[in-house]
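What follows is a pair of complexes built around subunit A, which joins subunit B in one and subunit C in the other.
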Partner chain A sequence: MTKLKGNDFIEKVRTEIDQRLPLDMLNLGDLMAHKEVPKHRMSWAYYLGGFTLFFFIVQVVTGLMLLFYYKPTVSEAHASVEYITHQVSAGALVRNMHTWASSLMILSILIHLITTFAMKAFEKPRELTWVTGVALLLITFTFGFTGYLLPWNQIAVNATKIGLQTIEQVGHYLPGDLATWPRHLREIIQGEASVGQSTLSRFYAIHVVVLPFLIFGLLGVHLLVVQLHGMSKGVDEPAKGQEKFFPFFILKDFSAWGIAFLALFLFALCLPFESFFPYPLFEPYDALGSTPEGIKPEWYFFFMYYPLELLPFWLVMLGVNGAMVVLLFAPWIFKGSSRKTLRFLAVLAALYLFVMTVFGDKIYHLVKGVGG
Partner chain B sequence: MKTNTFSPPRHQVRQEFLTKKLFYLRDLKKRTYGFLLFFVPLVSWWFMVSPVLAYPDFQAFIKKNSGRSVDCAFCHANSNGPEGNGPGQIGSLTPEEFDRLNFARGAFDPGRNVNSPILNAFGNRVIRELGKKKFIEIKNHPADLAKALDPKVDLDGDGIPDVQEFLDGTHPLKNTDGDPGRLFLANFLKNHTQILLLLFATLFTLYGLNNLLRGFARFFEAEDGEGGR
Partner chain C sequence: MLEAFLFVGLPYTAVIICVAGSIYRFKTQPYSYSALSSQFLEGKKLMWGSVPWHLGITVVFLGHLAAFLAPDTWRLFLSSTHVLYTMEAIGLAAAILCALGLLVLILRRLTTANLQPVTTLMDLVVLFLLLIQVILGIMTAMSVRWGSLWSTETTTPYLWSLLTFRPDASFIAGMPLLVKAHLTGAWILLLSIPFSRLVHMFSLPLEYLFRPPQKVVWNAHPHHGSLKAAEDKEVTRRLFLKGAFGLTAGGVLLGIGVLDELYRFFRGPRLTQAEEADLLDVTQKRLKKNAEEKALELERLRDESIFVAKLSDLSPTKGKYFIDYQMRPALAFLGADGLPQLLSAKCTHLGCTVGSEVNAQGRLLCPCHVSFFDVTNGVPDAGSPAKDPLPKLGWVLVNEKGEIVLSRGPKGEVEGTLLGHEKETLSVHIAKRYVEALT
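This part shows the complex of A and B:
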């Protein structure tokens, strides 16, 4: 009896895995011949994953080019970045493409996540696609955080210090032995008493070796399950029709990549990312000099940074960690929710991200001004 | 009653007057030498040890006008200003650099070939073009600096004149720093040929890719058809 129950359980697990990872369907010719994309009012959202992949490819190519010249030491890092920008042929263009593409990759991954949520594309059997997608988002954020330090300028080092202090602060709200864990984590990441050579070496290794390994693995799984399950239905009403993935959808996808490449090239050639910030922030980091005004993390952390400046730390951490858990387990938490409800939640989340990113600074000054 | 008065001959009076004058002049010369011997080293010493002003009035104006924060590196060689022992600061200057510094300090009129080691190329340009006297006059009205300088000069070659960069709060010697809108326009006009070439290259690539993929699709369809028969 017990043996039978055990067999049933194993069989059930096998069926569940088979449903989510139907490797027997893995046939490239079949995928090319029969994969179809539904046509409806949200069809544009199917291109967002492709955009993210495109910007990731740009990151890999430009990152490899920068790797030839960049020197990961505190004494040479800033000078090597200056050398790339001013001396290396097309160095400024490549560096700008890397910077712009990192922001555009995060922007497209965020919109991709929100639209996927709104379309309920995480429904069974696509849970693995969703979970790997969320993990890819976290890895991309870590790419941004570690890459920010590498130029070793004022904003990079000071913003990293703030980021690492935030990790340690979490310990104040944890019970017992757990309270020391964030400090240990900070020490492990930092490598020495303050942000210095050890930190730079670790961030560099994480940025160019550890994270690429992780992202290639996860991206492989993510793309595999996307191909195995095909495109999700996306909307409640019946689709207006179906479009063949190969060659029609993929052609449109490549055309969109072409436009994205043109836009990226134009921005990288004509508009240095640094021009949006006061120049003292990009001077070499000087541990003894005064800290310039306007130290901030990258724009994609504003959703967390401004609330941290305005609200109690524990409240923001609770909110952020709660949101992360909800995001990761969304396929199970929102199993029975309608697409209408999910759309409403997605709009709320998008609105919050937009307001905090674009108007966060104004809100901060408004609140602090009134308070003061 | 007659008063017996002695009046020396006129030539004697003249002689005495000249002798007195000579003594007076000799004395004056001595006093001047004494003054110079005492005060010149004193003034030089004061120049050496006194705090060198970095004219924060301009810094405050730039921040107020543009909303961007700037540091001393806008005009000075060192971002922490001229005081200190770092590169481009008073404490690290060689005798030759001190000579250049003192020359710049004495350049009250415009047109002097100033090359102060504590100033950057923009700071030196300002003193060269205006002279120290006018520069100090402008100090109380920093906005006038934009009117006083040549509006066409662009030291970093980013397409935005230095005067505009002064008003925008962007660095006149960093070609990656400029008002984003102006910088975009200037770079777009400078690189329009490359942009046009890239546009054509992208269009041709997409055209080629389109035909290649359609060709593959037809090949697979034909193969499917044959397999089906």
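This part shows the complex of A and C:
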């Protein structure tokens, strides 16, 4: 009897999935005994995912602690944040740790992303790891964006307004009835005609319930496939050796976490996150007052923000969305690229992010100064 | 009478007997001047009994000694509650360690067959006495708290009075029974030293602390290697124990600190009435502000027209902020024609609020992304990020009787006539009928 063609196809899909999710290898003892970390000049990059995970854990713990006191209403949100900062024992420390760790989490994700790209860690069969990783990046950015609004101060509300307004701007480039869709989308997100109580409630729900669900699920998949496939080779030349993940690498991982925690703790103890901004931005939001000067998004949005300020809107939108697509489909787009090429691209991307984040303000003033 | 004996007679007797007896024992039975090791008869339990006991009692003893030798410095040191809590906690932990060690030692003496022949009655008596003394100390620490502080004012002067031969038991006359029992126990223990193994404390081998570790190897093979191996094993073990001890101690300290902070975090602040009042004051102000905003919204939903300003209060160079029907900021100016000029203050670029000052070129500035708008018609300058003009708002002029005298829609359509003498009394309103036209 000859096999039906349909069966062949199903069989093929099954093997493809099997290759990527080899669940039959799921045996904790086995994984622990066999997982190895290659030693080579890029070995340091194997710590970055762990760092991200560590900061995420810090976020979960400190976030839960803040949740005990935070009140998500327009009239009380800012007061409750002040209460946490000034009255609750160690409240300022917890809140500072939450803000610092959020930034550090995003920083380590970005470096993690760039290094895994440079090491071609997304090669078959690790596509799923990469795609879930990109999704986790987006979720983390959304965490940052929604969490930023919660203290309900001048900078938070105004920056959120501007951020949401960008969605509406897309409407200018759409034809006919489509032009109103971005505005509808924005109003669905903010829950009313302008940023207000509904927005706060929605952002709160998204920040503390929706996103955590999503991130726990995706993180589970991400970590599972990492365990199943083991560490990627990372470099072209043969590794100098292998190191057992358990107990050697994990111990090093933990000691790195210890140092990270100490650094975070000291930062949080000594440096309020707000100390980098002019003070009035942290007054409670005044719906009837004018927008204070110096409104800027968080540093991790600078790579989008300054281009938006300097270049035509459509160009930046095209660039950002194009980059997103390329990022998401990197395992297939760069299937045939050598690690050398990928390293070059990664350095370019890192350079761009670094320059825009650190010197964005200077570039902005330089260009504006010459132009106007 | 009894008290005089217990706290004056007994101490002197105890000290005399202790000193004289110890010297006598040293002279007559010098080889009995030790704790008569039983390690080779039973070693495991000894380790779990003797080590905690000696560790604990050393700490406890040093604490007692500090309060006795330098009460003033000690008190100063403890004046910070954090230090006081820490010291008390360390003392209590050490005392519990002592008690546990003693329990192990007692059980060992009572149940190990190997030890029965070498266990004297005095050994058991001393062990029980010590246990009672430690338990009394723990109870004192728990029920008559902060002994490290109050002892500097009571037992310390009492002990010094004994030492300076001016015995004065009145320092401790009012103390709880527990403390008196603890003191009496101390004298009895002192008394028992020359008759028991306790005498070994006078031959404290301090240099042991600094010498390299030694191990007695029974039946050692004459070959040098096995000795070396045994030594190495001992060193590794020592290192491991030290490391484990350090980690455990650090972990416990960290754990206590974290738990303490967590406890206080979740317990929440206990505010004084003044702090509570300040907090309520702030909250109330915010709530009021919120209520005012809601009132504005309600007003806009219901009223046909809303007061903006007196016409005479408007200026051509400094705008007056008000809230339009859509709850967005807007600005009111006096136009060149002497009539109001109302512009939305929501920047058409990204929605920031436009500034109210008119500059020398007759422009309004949006501070967010530096857009300039012409105050006369709301049109942005060519290079500005904003491309659309600020929408003009319609207005009505209302006289004192509430009648509409003159109105102008957002597109500039004028209705009514204005008599010159009325100007002073007119007020500017925005009207609901222009809202539909605006959006």
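As a working rule, the second predicted complex is superposed on the first by the 365 of 372 C-alpha atoms of A that agree within 3 Å, B and C clash if a C-alpha of one lies under 4 Å from a C-alpha of the other, contacts with A are read in each partner's own complex, and residues count from 1 in each chain.
To be clear about the criterion, a residue touches a chain if its C-beta (ideal position, glycine included) is under 8 Å from a C-beta of that chain, and two chains touch if they have at least 3 such contacts.
Every value quoted in this text rests on a predicted model; they were computed, and no experiment measured them.
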{"item": "Which superposed partner A:E76 touches (first subunit B, second subunit C, both, neither)", "value": "second"}
{"item": "Subunit B versus subunit C as contact partner of A:E283, first or second or both or neither", "value": "first"}
{"item": "Partner chain in contact with A:S194 - subunit B first, subunit C second, else both or neither", "value": "second"}
{"item": "Touched partner set for A:T180, first subunit B, second subunit C, both or neither", "value": "neither"}
{"item": "Partner chain(s) touched by A:S337 [first = subunit B, second = subunit C, both, neither]", "value": "neither"}
{"item": "First, second, both or neither for A:K368, with subunit B first and subunit C second", "value": "second"}
{"item": "Partner chain(s) touched by A:N27 [first = subunit B, second = subunit C, both, neither]", "value": "neither"}
{"item": "Subunit B and subunit C footprints on subunit A, overlapping residues", "value": "289-290, 292-293"}
{"item": "Residues of subunit C that touch subunit A when the two form their complex", "value": "261, 264-269, 271, 275, 279, 282-283, 286-287, 289-290, 293, 321, 323, 326-329, 345, 350-356, 366-370, 383, 385"}
{"item": "Touching residues (chain side subunit A, partner subunit B) in the complex", "value": "29, 32-33, 85, 92, 246-247, 250-251, 254-255, 258, 261-262, 265-266, 269-272, 274-276, 278-280, 282-283, 286, 289-290, 292-294"}
{"item": "Residue ranges of subunit B touching subunit A (in the complex, touch as defined)", "value": "68-71, 73, 79-80, 169-171, 174, 176-180, 183-184, 187-188, 191, 194-195, 198-199, 202-203, 205-206, 209-210, 213-214, 216-217, 220, 224"}
{"item": "Of subunit A, residues touching subunit C in the complex", "value": "65, 68-69, 74-76, 78-79, 82-83, 87-91, 94, 158, 161-162, 165-166, 169, 193-194, 284, 287-293, 295, 309, 368, 371-372"}
